[in-house]
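Paired with chain B in one complex and with chain C in the other, chain A is shared by the two complexes that follow.
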Partner chain A sequence: MSTETRPAEAAGRTLPPVDTAPLKRRRRQAAWVQAACIAVTLFMALPIVLIGLSAISSRDALAEFPKPFLPSEYSFETLLAFFEATGTIPALGNSVLVGVYTVFWSLVVGAPAGYALARHAFRGKNSYQVFILLVRALPIVVLSVPLATMFLRLDVYDTVFAVTLVHTTLALPTTVLITASIFVAVPTDLEEAAQVFGCTRWQAARKVVVPLALPGLAASSIFTFVLSWNEILGATVVTLSHRTLPAQVLTALDEASTAYRFAGGFALILPALVFIAVMRRYLVNMWGTTLR
Partner chain B sequence: MRLRSPWLLLLPSIVLMVALFGWPLVQGVLSAFTGADGFTLAHWERLFGDPYFLRALRNTLLLIVIVVPVQVVLAVGMALLMQARPRFASGHFYLWCVPLAISELAAGLVWLSIFDNRGYLNSLLVSLGLSENGVQWLNYENTATMLLTVVIAELWRATSLVFVIVVAGVQMIPREYDEAAQVFGATFWQRLRHVTLPLLGPSLQVALILRTILALQAFAVAQALTGRDFPLLVGETYEWYVVLQNPAVASAVALVVLVISLGTAVLYLRTVRQPEGAR
Partner chain C sequence: MAEVVLRDLVKTYAGATVRATDEVSLEVADGEFMVLLGPSGCGKTTLLRMVAGLELPDSGQIVIGDQDVTYLEPRRRNLSMVFQSYAVFPNKNVAENIGFGLRVRGTPAAEVRRKVEWAADLLQLSPYLDRYPAKLSGGQRQRVAVARAIVMDADVLLMDEPLSNLDALLRLSFRAELKKLVGELGTTTLYVTHDQVEALSLGDRVAVMREGRIAQCDAPTAVYDDPANEFVGGFLGSPPMNFLTGTVERDGSKLDLGGQSLAVPHALSTFAGRTLKLGVRPEAIEVAGGDGALQGELQVLEPLGSSALLTTEICGQPVKVQAPPTFRAEPGGSLSLRIPPEACRWYDPETSLLLEVR
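Right after this comes the complex of A and B.
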């Protein structure tokens, strides 16, 4: 450094002082950004930490007031009591079943429609898309009230099947939109090449397009599962004893103890942490672009 | 074959949606307007005579008017923070997105652990000596604090959705525009006002309307936090059907929600379709 400045001094020219203001401003800005990020993260994460701590406190620690940040006594009795409460385990089973069936049916019904939208140009395509968007935009769950009456008449009321039907309808528009965007991303050339080599249209779709679309379809399935896992109103209205987990927690809320509520809330959140971790790569594309 | 095949693929989805959307819609309208002997407005009279209904309508609209704009501002801020590439960006991003997969009910229960009379917030207030016995956040007489708690819970739960939409929008803006403005000496606020926000326009519009429609459907948050003390429209559907066992009035409430959303949805369709047509 010093050797480089010397010739300038020797020449009698003094260098202007280095202006550090922009650098400082930049550093200050970065610090602000960092602080703001941490603030938002605290807002998002702290409540989850708190309910987690409540869920693993003992009953006595929960009743304490003022409550310390870390519970005075850890115990799994709160969570255990929640899972041993009547209806929790069957409801958990129902939730998983409904979720899996919903994923299956919405793919079976929705993926072909998505494929048609992605590959064909046909008359009425526009009206179909408007129809899909309209169904997506309307709160169809409020229609579960008349649906429940229909289900009673058709003798499917209070079954896993009934909830699956409601959730499939709910998930169908999003499945069609997502699968359409996935199939668009699979190059047509590959499909045509398969047909040139003697595949029928159906074989080309099954052996070339589906394997290539598989990661996207998997992500779309998780999305559907989350939708079904979190849906409350429809599941509560069309069932009586075969509740899904959120419906069970909601209807038990009136008589529930605080411990049950906190444990229930925590149990409902745990899968969300996993879902988002798995889906992270697809989040912006799926929720942000395709589904808007 | 060429003409028929796409409709063959579309048919199952159309049948399912008409059967489970169109048919119950007709049924719902019918049951809301018919009684034991033909056409009647009795259900509607009963609904409008119920003091909970007007409160629910007011609360729902208030919630939307407060929550949605705040969420959009917050989400734009969060997206800009992400754009600034902070340290641990992916960790922050993960945590900011977690509420996407959290159900309304769970969100309500989470904030219950904080706003409960013996919850964390009151514990903090008391141990800091700011309050003697804490504030009764969820008392049925304190509509304002109940609104506040529901607003905070909704902000926490649903800002992520707007955030993800805005991030997608920001990613589509070429960086050169911002850099060019920077070269010409625009300040941060000028760049935001004249470059970023106008280009984000379509995304913001969609996020705004989508969130409005979703906020109309909110009810479990309030249910978990306050029971029926802070009624919301869809919560009234639930009350009338599950607790009061009156499907006809429940259908009437459902229709009110549907009509309000239909207005918003038409707006939504126009904004979503227009840019595609322009392309």
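Right after this comes the complex of A and C.
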């Protein structure tokens, strides 16, 4: 650069003024992106905040009109009432159990299938991948009545086990496809190296592949847990007295007060958020490497 | 320590019509450093992976140290390997990486620590034992991969293009280190590369492969000086061997290159009246020689620092010549080139095989 400018200066050449228009354009674009980010965040977060605030408002504050953004009076009365209501605590327990079991079983059954899809070429692989999604094509409404009949006959109706079965089935297609793409990202070389250095295939998978796939597996399990947590229809049909929380709230919603609804809504959001927060630890890079 | 014997190994990959290795037989002596050299797709990596047990042959046999291992799992073959991509475990730190194989085998912790320290010391990795591979440079990762392979006390050490991902300078320095290291260990080594300089510099013997077969297997100097066929001559050397085609004259004493001629050894007088190919290395041709010189037209002169590379044409046939670095001439002019008889290699144009003249 310096060798170029020097002769120009020596010749007394005047350079054109610095054009700042592109810079301004860039800044304007950045400002738009910022605004869009804020808008989307508000759109996602505001309902959660409002429900949360309403849930901890007192009954009187809730009835106020016009409603201030921040409630005039805080109270855990309604929330406590919600949790003290018959069936809430057992339903919460059922929901957590079903969620955890579903995550467990869908990984136990789905991850090996995903691994096979990622590592092996076999006849009908593509059709298998499409076919596996067909499970989701059948509406739960259609499935649930025959399922209920079958569960009654097998004597598992109205149990956590029955709901787990339904949810695991629903979660499996996505678990298989997500884990397949995770295992594809783990280099085959590493597995072969482990085998050369004394591991069986199973040991190689456990010591090398699974630790590297952990972030992806965590993402997949968040997806599964939230799916199970939010699933209502199947859970309502195959249970009667052992409801999951969403099913319980849905059934109780009709005769409930406004306060109960807000408290119920908040209680439904909270555990899913906690689960995501816990799993997030495994999502971000663990050894200074980002997942390829 | 053990010798490796490969017999008639055939492998065809699923969906492929061509054999990846076509009845390859090779014997590697105990403690020998054998290099498999060839262009990409010649089957050298397939061969190595079959020895490692990562691929199974369709037919043939692999014996390591008097034990048949043809279909044995990799972990039971007592070998270790350095991968092209290093395949260093990103979730384990350097010490854990190096000691991985020993720990899987169930070696006592103290013994593992002692060996890891020994290997780390040997490869100058001691300051990095606690680091994770993401924090290491390419050269350091390469060292970890080598350290992990040598702590195993394996019968056979396999290396799959271990230097190909390093930059040129690092490759040069690590090549010498590797040679020293393997020489001290004395382990039987199979080394795959497509880099001819690496092959010539490292190997006790070099097996040049082409299209799934071994074209020539001999000591580096023999492979370089007496290429068994045109392919080997054209693959080894930078620039590679020159080939000139001509017709042997009626009396069988001279080769007519198309206007100029060259003496032909007596042993080849049977070729009288037929075409013959002459192979000659660029560095063997002398510029401005006296007797029996050929006239060539200089087309390009490339000063390379240590030498000057001339692209010339003799009777319309391109010939590369390596001249001293101080050599200067104008392109377009005529040069007198002498091809010493002892540097001439003769090839049958039909079979492209080396003809014996001694």
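The working rule: the second predicted complex is superposed on the first by the 218 of 292 C-alpha atoms of A that agree within 3 Å, B and C clash if a C-alpha of one lies under 4 Å from a C-alpha of the other, contacts with A are read in each partner's own complex, and residues count from 1 in each chain.
Rule of thumb we're sticking to: a residue touches a chain if its C-beta (ideal position, glycine included) is under 8 Å from a C-beta of that chain, and two chains touch if they have at least 3 such contacts.
Bear in mind the structure is a predicted one, so any value in this text is a computation, not a measurement.
In the superposition on chain A, A:203 makes contact with chain C only, not with chain B. Using the contact criterion defined above for the overlaid structures, shared-chain residue A:130 touches chain B, although it does not reach chain C.
With both structures placed on the common chain, the touch criterion links A:190 to chain C but leaves chain B unconnected. Shared-chain residue A:93: touches no atom of chain B or chain C.
Note on chain A: of its two partners chain C and chain B, the one contacting more of its residues is B. For the contact definition in use here, the residues of chain A common to its chain B contact set and its chain C contact set are 287-289. Those residues of chain B lying in contact with chain A across their complex are 3, 5-7, 9-10, 12-14, 16-17, 20-21, 23-25, 27-28, 31, 77-78, 81, 84, 86-88, 90-106, 108-114, 116, 118-120, 122-124, 126-127, 156, 160-161, 164-169, 171, 203, 206-207, 210, 213, 216-217, 219-220, 223-224, 227, 234, 237-238, 241-242, 247, 250-251, 253-254, 257-258, 261-262, 264-265, 268-269, 272-273. In the complex of the two chains, the chain C residues touching chain A come out as 14, 52-54, 73-75, 79-81, 83-85, 87, 89-91, 100-101, 104-105, 132, 134-135, 148, 152, 158. On the chain A side of its complex with chain C, the touching residues are 121, 187, 189-190, 192-200, 203, 207-208, 211-212, 286-289. Against chain B, in their complex, chain A makes its touches with residues 29-30, 33-34, 36-37, 40-41, 43-45, 47-48, 50-51, 54, 63, 65-69, 108-110, 112-113, 115-116, 120, 122, 124-125, 128, 130-131, 133-135, 137-150, 165-166, 168-169, 172-173, 176, 226, 229-233, 236-237, 246, 249-251, 253-254, 258, 261-262, 264-265, 268-269, 271-273, 275-277, 279-280, 283-285, 287-289, 292.
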